[in-house]
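What follows is a pair of complexes built around chain A, which joins chain B in one and chain C in the other.
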Partner chain A sequence: MTAIGWGLLLGLMLGTASAEVVVVVSSENPVQSLSHAELADIYLGRMHNFPNGESVVPVDQRENSPTHHEFYSRYLGRTPALIKAHWSKLIFSGRGRPPRTVTDDKAVAEFVAGNHHAIGYLTPELVDKRLRVVPIE
Partner chain B sequence: MNELAGQGEEKLTPDEGHAGHSRLHRLLEPPILFSGIVLLLLAVIWAVSFNLVARDHLAAERTAAALAMDLADTYEAQVVRALREIDNTLKLVRYSLDTREAQAILDELRTKGLLPPELLFTVNITDANGNVIAGTHSATGENVTALDFFQRSREEDGMVIGAPRHEQSANEWRLTFSRRIADAGQRFAGVVAVSVHAGYFVSVYEEAVLGEHGVLGLVGTDGVFRVRRTGEAITAGTSVDYNALVTRGSADDAPTAVTPNPWDNTRRYTVARELYEFPLAIVVALSEAEQLVPAERIARTYMWRTALGSLLLATVVGLLGRLSWQLQKARTRAMKERVAYARRVEYLAYHDNLTELPNRALFSRLLIHGMQYARRYDKQLALLFLDLDHFKAINDSLGHEAGDELLQELGRRLRESVRESDVVARLGGDEFVILLPEISEDSQVQPVADKILAAVGSPFTLAGQEFRISVSIGIALYPHDGEDEQTLMKNADTAMYYAKERGRNNFQFYFEKLNSDSLERLALESGMRKALQSDEFRLFYQSKHDVRSGRVTGIEALLRWQHPDLGLIAPMLFIPLAEENGLIVPIGRWVFDTALRQNVAWQKEGLPRLSMAVNLTARQFLDDNLVLDIQNALRETGMAPELLELEITEMMIMHDMEVTIRILQELKQMGVRIAIDNFGTGYSSLAKLKGFPLDTLKIDGSFIHDVVSGSEGKSLTQAIIELGKSLGITVVAEGVESKEQVDYLRLHACDQYQGFYINKPMPAQEFADVVREQLQESAQPAPHP
Partner chain C sequence: MGKLAKALAGTMLLHLTVAEADETVKSRFTLNGFGTLGVVYSDEEQADFVSNTFAPDGAGYTRTWSPEVDSRLGLQLTASLTPRLTGILQLIAEQRYDENYTPSVEWANLKYDITPDLSVRVGRMVQSSLMVSEYRKVGYATPWVRPPDEVYSLVPVTNFDGIDLSFRSHFDGFTNTLQGAYGRKDASLPDGGTAEVRDVVTLTDTLEWGNATLFASYGRTRLSIDAKNINALFEGYRQFGPEGEAIADRYDVDDKRYEVVAVGTRYDPGDWFVMGELAHSNSQTFIGDSRGWYVTGGYRFGAITPFVTLARVRVDSSTSDPGLSLGGLPPSLAARAGGLNAALNGLLGSVAQQKSVTLGARWDFARNAALKVQYDRLDLDNGSPGVLSNTQPGFEPGGRVDLFSVTLDFVF
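So, the complex of A and B:
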């Protein structure tokens, strides 16, 4: 109870702090949209390609960042604890590696802009012309 | 009776020689056989069930043990790889340290992707004082001097695995792995540490495999659990007896034992294996209860089915047993009924069904048996022959039912007046016999006889009426009065008649003289009494013929006795006796009745009106009721009086002339004819004949016999014929046997004749046939005989 309780409390606090999170790819990436399931699969290490067949490189933010929490609860519907448990198992059993982590939204923007296989999430204020917001349906 | 009972007992005695067989037979009796089969089947079913359960259980145990071992192998490999990865990171970071700032180095390593995923792993670097100088998660400024991994890393050269720490903020246990950093002078310069949440090491806990109560864990060689997971619950920091948990040096393929885990006392298949490279042991355990659940479920199913099967079997066999039991019971009942019926039949065959006393057949056997016994042991026995006095009168006046009741009561009284060992039997009618076996003195019999007389003599109440009867008893003793059954019985019977003679209601012992004297007479007399009842008397008829024309003129009825043993008895053998004892009167009544009835019947059948002659004896003639009896007979049969001819003898009329004349006149007044029979033998005064109202004279056969040969016969016959003519009465010749005699009679104008020449006395039917034939012949103009 306490873990979830704390998580929720933290989430609410951070959620109010951060307005919004959008999923972005490089503007050169032809991907127009993704489903929730596809996005989840990409971030949980179950899918390694975009629907069009191009390989995908997801980029994550630090666990304690407000965007991280917002992203996972909004788009994947999972708490950080669940995400942690998920990756613990995959890493421990040697069956996967979590997305690389960058320090903040800016780093995400830079990373995604510089890699047209990349996908990331960040606050909408930082979306520039090098990036394209992918609607998640 | 005893003899019969004895035989019955013999049949029931079990055959001792076949005891073994009978025991075997008893085992084959349905109830025992069925129970045996059921128990056997139940034993087999349950044995098979238990065996299956035990095998399933064993298989489940083996599977669980093998599974624990497999899981341990996999887990060990995973743990070792994870630890190596961590150690490699430690080594890499330590190796990368140079003169640059530590944080810069870390960042570089991170950027190059050489550090483990930040999501789970935190890398920190401290200086020699425990101050964190660099970290992947910006924890700089923290001091870890107090923490055990730092303390230990200061001393130890290898990778230190710190004690688990509970992190309140994330509510999780964390493990820290560290290595010391040395400066150029090999002095302690700080530590590099990798920390990860303890759950990482038990993240492969699969409930599908380990269940809710399995265990996955790591325990340090110091006995402190670094992490332990059961279901969703993850704990750390608890201590156990390491040596007890981890059996060092045990072969990897040793069977996994079930042990109660010390931390929660749950019995588990526990595999605790120390790692080769690290001061840790992995613990994999499967809950025994959980692992055996399917096997137990199957076992329960087996037991259920077995119980159900047993119940079904018991029910079916129970029903079959019940059926068989009922069948057997029915069979036994039928058998008993049959035996009872056979006994009843045998009983009826040997007992009188009115009084329930032994009957003649059984008595005969008992008597023979008693005689054999008496002969062997040199004893005497007494045979008492009883006959009720005037029983017939009682029977006639009160009816048969009352008579039967009387006999039943009599049977009871007789039974009560003798000892248990004495035999009372009913031979039939009112005849009873009593056998007193084992008589040592003749004098012993007398009190018994007295007792019987008294018992019979006390009043009876029958049909609401009280009256007394008496009994006559004849006693014969064995062996004195007869050494065989027949003689003994006959002599007792004789003695009984003697008792009757002596005034009834008494007993008489048999004595020799009884037999020689009056045996025949007594026997005859006793027989005669019964003869009337049992219809043993017969009437024979002989025809009388006209001498000139040969035509039938009349009939004479002649009495015969058809004795059951002696055959046909001629009247002269029994009539005198009947005269003496007065039986002649009822016999005579019967003769009248029968003869008259017969004559009327013949007339109705078409025979001509013929006279019917009936003989009267002296006693009959003098009987006060003679006239009345004849009147009754005439009235009842409807025969015309003039057709009746009474034949009396010369002697009878000469006895008392005045009385005779009075009787004859009375008879004459009725219209009856009178004939003198056997005339000529009585030397009666011919002159006196004139005084009697006679119609016929019958010349005695002895004179007729002589008419052809002797002169005396001729002259007498001739004289009688003439006398008759002079008196104006019909003369009849008796005993005519030849044509010469008939010729002679015709010559001397005798009126009629009878005799063998024409017809002998014949039974009614034969007589009618013969007469009819003769009538037809004489109707034609045939030469006459």
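So, the complex of A and C:
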């Protein structure tokens, strides 16, 4: 079993989440906080703007990553399979396309830092001064 | 009109500038696919359980275990021509009316996003009369092996050619999507006939709030069915003077209005879900007025989702008609009139009336695939074949039919 596998198993045994995940925007983005519902609407393709009216570009992580799993289960209460089913409905009815996916936490940090319309999620260790954590209320 | 044109031109200019600034345009072409490999068993040997009214055969009489009812493969090519203009081509290979699996063009349309929340489509596109209509062929996107026939058989057509508008609005955490469509559709029937659907008007509204969804729709078309046995029946009636003509006018399907109204709701907080839908169809034809509903609920134990569905469809209009009065007719004509009356009552009585209980489970065993098993117990109303078709002379209407299905659904 790989180190990640043991880590996940340990996490499950202790009943704790495998990874901490925070939601971030560019430090130039005026958005201070979002509700759970707003975050869900943005990540499920129902909303294309921040509450202040500025357009929003969500960025996603790979489906098989622990960060992806943690983000969707913690903030949206949905498993990766449910998210996949949700996007299948929209893709195959021609109604929408999922957020772009980047490779890892580091790529999320770079993408969000470089685009003040972007929103992403990553491990808190990678939050630097170009990014701001958005509390989800 | 001038104002609107200016506003549109302004919006488009604005989007062009935004587009130029947007350096993260996604790759131009995307290929996606979906499919189902499935078998269904039926214990009714004298009739077929079919996928829809256009299917020539299915499980039961033709084959005890049929792979044809639920299996299909869909491929979709999406071309982002500009950030606002998208072209979509979707091909589906599945059992067709002629027992052939040649892929058909399910959709071919161009979509223009006037704003991110207002879009217009032109071409062949998805028909959206019922809550799950837009993805009813994508097994991976639904909890069941197939959407409940008690409601979904009321709208067997899945696409149309025309235009549609979709407008989304947001207020206080609510997202409302209003759609309007206009178009037409031709469909071939297994016995060599055709169905012509004209002046298709569909209005649907979907209101989403958190985990809750409310759905309502109204659809209206002008329907004509051109099939040998049906034509012969009504031509026969028309030879019997005003009384026969009145019967033919009442029941034939020649440019007749066909309406469907539906409401639905869904609540899905993630760990469990419930949904239900009620639909009513009406027409001044032998198809009659039907009312169908279903309620489904399931609980997600990790990757496994057991579910249960209750459903019912019944006919509101009369399922029999006295037909031509035989008194006073010479014996040869009386025999002919009696034959017509029997044929008409056969048609009226063959409209689906049944209830069903479905138990099933979905297992999301891999990232892109789900395995489903499902048991359906159909309870056919007295005198009705329910949703079964291809009934054989030995078929006895009414009674119970057991179905068992296994499917593998995938997307890529």
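Heads up, the rule we're going with is that the second predicted complex is superposed on the first by the 119 of 137 C-alpha atoms of A that agree within 3 Å, B and C clash if a C-alpha of one lies under 4 Å from a C-alpha of the other, contacts with A are read in each partner's own complex, and residues count from 1 in each chain.
Methods note: a residue touches a chain if its C-beta (ideal position, glycine included) is under 8 Å from a C-beta of that chain, and two chains touch if they have at least 3 such contacts.
Being a predicted model, the structure only gives us computed values, none of them experimental.
After superposition onto chain A, the modelled positions of chain B and chain C overlap sterically. Of the two partner chains, chain C is the only one that A:R46 touches; chain B does not reach it.
Contacts of A:N115 after superposition: chain C is touched, whereas chain B is not reached.
Of the two partner chains placed by superposition, only chain C is touched by A:L76; chain B is not.
Using the contact criterion defined above for the overlaid structures, shared-chain residue A:A37 touches chain C, although it does not reach chain B. In the superposition on chain A, A:P98 makes contact with chain B only, not with chain C.
Within the superposed three-chain model, A:K106 lies out of touch with both chain B and chain C [touch as defined at top].
By the touch criterion defined above, A:S55 reaches chain C but does not reach chain B. When the shared chain is aligned, chain B and chain C each come close enough to touch A:S88. Once the two structures are superposed, chain B and chain C can be ranked by residues of chain A touched, with C on top.
Remark: of the candidate stretches 26-34, 206-214 or 242-250 in chain C, the one overlapping chain B after superposition on chain A is 26-34. Chain A residues in contact with chain B (one complex) as well as with chain C (other complex) are 63-64, 84-85, 88-89, 91-94, 97, 100. Of all the residues in chain B, the ones that touch chain A in their complex are 78, 81-82, 113, 116-120, 137, 169-172, 197, 199-201, 203-204.
Partner chain B is touched in their complex by these residues of chain A: 2-3, 6, 60, 62-64, 83-85, 87-89, 91-94, 97-98, 100-101. Taken together, the chain A residues at the contact with chain C in this complex read 35, 37-38, 40-41, 46-49, 55, 57, 63-64, 76-82, 84-86, 88-89, 91-95, 97, 100, 115. Across the complex, chain C meets chain A through its residues 24, 26, 30, 32, 34, 74, 76, 78, 86, 88, 90, 107, 109, 111, 116-117, 121, 125-126, 128, 134-135, 137-138, 140-142, 166, 168, 170, 173, 175, 208, 210, 269-271, 300, 302-303, 364, 367-368, 370, 411.
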